[in-house]
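For clarity, chains are labelled A, B, C and D in written order, and residue numbers in each chain start from 1.
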């Protein structure tokens, strides 16, 4: 009974939106009392389903009279717990949900090829190898391992016609592979772009400098940037290296190693733009003081942004000049202090 | 005769457009009488071809003297019926038609590699393993299972040169795989984008709010949206969750669970925009009352649209404010009624 | 000597541009007399190289004392002739040339994994299976068939450590596959887009209607259209079907089946736009009279073009209205003539 | 100890940015004396790590009492040196770093499928084939070779349920393949676009003609161009061939073979535009005199640039006309000189 409910809520999920993976149908919820409802609700969530799968099958198998050494194998379902905390799985799950129709079509195509191939192979090789291709299920097994190009080699056609069929089945297998991969690649690229935007959008709002741009520029720049987590006390830029990106600090702090004393830049600041404006050579070491979240803007995108948004170009230019002047003044002041 | 006609119409299809899969050449049609013409016409459609393939081969095989246990295998062709109602197959079929040239080139490349590899392997391993590589067809079989990386293991080169050739054939096999997949991925991405636009276009025309935009904005927003079918009485949005998209109702009805009484929104309305305008947290539960068709606009695209089309931004903003004020008023009215 | 020259010109080609596949280095050409130069020049072209490969090896092998039954196998090189006339091969070749660096990196990565895996497997399994993994070349053979996931099964690790290594090698194999495919997919998509533009550009210049647009609109529409070859007397559009594209006639002629008499449209005309402007239902049969080259504009792109280029939208609208009026008038005239 | 340090700096790298592959954590650096610091620093770079891996393991193994014939196998690690000078590896490395999260998710998915499949297969086939599936590690080995579709065939399920499970595992294997490939294809396309821009940007700045454009046009054209290295004295364009691209000279020199005397064009000049402006037929031979770096602009992109940037279109048109006039004048002058 419990199992059926769980299954029902699960099958509803696929009909519903991927965002509502944890929604029990309203119909079920309203018919249950409040407390049982809460438990049922938890069991309807992915976490609940996984907990049930981890705990229930092993004792159930023992009760049903399964041998203990087989029953404890159900404990292997605990590995499903691994899927819970990873953001990557939500992403992969979404790709499968969005591309479900296309993937199902390929699966049906695969199954059709499977049945036709096994029937044909059964007809062609039954006489020659009665032990190997004597039954339809055996021919089906051959078709599966050939279409997926696994090829155990326990069942191999020997007649000329059988081998011709085998060759065609293998080529169909490659095509299926290709379609499957093509669908997933398409879906993954779209999902990737989407996730990246959402992650970055939140961080961009923490950089006051970018908030002065007009909305269309903010959207464009959000699409371009990539989030990077850097642990504390790690070098981000090394003097003399070729630099091909600039950084905005969304969270954390970095230390720029300039003479006479290092400068600290906090959340909202940017650095690394001097190399992009000049000859791509880094002019100072920069390392994080705390664990930080940086937004990376690549050279190609930097050029595009600078070209399209002259107000940003002017602002970055002004800030870069101000910094160079500042450093100059500080060096002179320092030299003056030392000499006096 | 019938078979030839069917085949002829089939071969014409590939020359013709994919959209006219069911067209018999005019030449054939005009030479047939009206009634026979209709039957022939049906037999020329994919449905007709599949029906013929389902019905004709089994009795034909019996008549031709094939053993009954082999003849009934032709009934397996019934699985082709599965391809008829699925829209996914039309899509996959179009990819193959559009990319036919490129796929054919890869196939020819594959065949060339096949023949060269088998001739070379026949020359290299014939002396050592006369039972295995003693004939050219046997070497060809080895080449097929190696190029497709199936690798049954029934024929394996033993000499050093033979194994070197084998290694090269395997690497060629991976390259063929890669090309094939690359072509299908490219074709599928284009086809996917096209199908999505056509599906969405029809639904967008049912949302009056979007029809007020200028044509270029409608086209842009149609490209961005994704269609989702939601069954009746299913939660779409849950309060407190992170929201990363908004919804337009193309068909059906949803219920927004606000105090004091839920509001119903019908076809043409939109919801879920409050979270996107604020801090991405959903403020109310929303669930469908009937089976509905929704158009989903992701956060990334929502931002882009809002940035590029200020009139839409203003309209959504105004509607959002109106709703918040409305809810406020209704709550006050309700509080007043309850207290009085 | 001849062979060396041929090889040299071949190696130069890869350094040179893909477009000059047939160029002998200037240095070679100037040092040869005019007539020999011409022959050498032909031998330097791909056609020449293939001709040499078809003719020379078989007699050469006989002269060198190879057994006749082996020598005639070189005739298999004739299949290379297949690559000559196909435009698809030029395209695939360009992908390989443009992505040569990346593909070479993956190949080197593959070779590194190969050597490390075979050395490690030799160390781990030598004691247990001296017949199978007793020599380094044998271990190398195992590494090749495992990295390509061919898996003949003639050499299989038995120890726990060996199998752990085997698992890692297989996973590396999948990664190599993936990289290879990713590179080819990327390259192929770019090449495809490029080829399609060049093919279409030429045809677009034959449609006077499109030539009235400004250059940026022509470029945009050229990117969107797809070329289709239709044989003579084939139906292109069937009344009552759903239509999702319109056609421009680049070459050939079509017949539109309207009452009272069919209309013929020649090169430069367009048709199929009525369905796209209305409810996507075709209103008349259209079939080719001669073998024709059509340019197809999909619904999604049609909408985009209409939205961005109002002058084109107006022109198509006007033409569509003119046709509808024309048909109306002709029908009335015909009715009048029949009745009078 | 050394090994631990090396490993620690290596694991930090993955947390840090891909650009700082060679950065030792600041914490480590400050605790070491200056000289040891430098050595440690070198050992922390990829070059250092590879040098250590090449030199240390073999003697270490000998010292630890490993048999010499096994110990010398560690010399195989020298092949890692191959990865050092190739720019392609940096690119592949970046793809792996940027897509690390997604790839890790697929790997975890792969491992979960692995454990569940092996536990299930152990339960199903243990009774039937105690020698083959008698232990969990043996079942795990089967799962690995089946999920990767390697299929050695040393362990094959025989029961109906076992084969059904096997079929499902194979299909999961294809899906894993597909996801992996999709992720790498997406990442590679982005990385490719980025690298190409950086390579080209530098060269574009060497063409004065392009520097007169406004920044947004320069960025756009940089995205479109492709760099090609041509050795000295190699033909780039051959008269009478179809031309589908034009060239800008970033470095080196070419010779245009016009009557009466060839013209030399140096860095900053362009050629090949006449065919693109006319009927795509090349009008003269062009070959390099020195080893040159050319920037290629394809026809499709050329048309787009000409359409969007009228000042560039005018400039190229003017230059083309000037050249044709020039050639005409020179020919007339030459004819005059010869006749007089």
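The rule we apply is simple: a residue touches a chain if its C-beta (ideal position, glycine included) is under 8 Å from a C-beta of that chain, and two chains touch if they have at least 3 such contacts.
Not measured: the values here are computed from a predicted model.
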item	value
Subunit C against subunit B, contact positions shared by both copies (same if over half, else different)	different
Which listed pair, A-D, B-D or A-C, duplicates the contacts of C-D in over half of its pairs	A-D
Subunit A-subunit C separation of Cα centroids, rounded to whole Å	31
Chain centre separation (subunit A, subunit B; CA means) in Å	22
Interface hub residues of subunit B, defined as touching at least two other chains	149-153, 177, 181, 183, 185-186, 189
Graph class of chain-chain contacts, one of line, ring, star, complete, other	complete
Complex interface listing, subunit A residues touching subunit B	12, 15-17, 19-20, 22-23, 25-27, 98, 101-102, 104-106, 108-109, 111-112, 115-116, 119-120, 122-123, 126, 146, 149-153, 156, 160, 163, 166-167, 170-171, 173-175, 177-179, 181-183, 185-186, 189, 193-194, 197-198, 201-202, 214-216, 218-219, 222-223
Complex interface listing, subunit A residues touching subunit D	70, 73-74, 76-77, 79-80, 82-83, 86-89, 91-92, 95, 107, 110, 137, 141, 144-145, 148-154, 176-177, 180-181, 183-189, 192, 226, 228-231, 233-238, 241, 243-245, 287, 294, 296, 298-300, 303-304, 306-308, 313
Subunit A residues touching subunit C - in the complex, by the definition given at the top	149-153, 181, 185
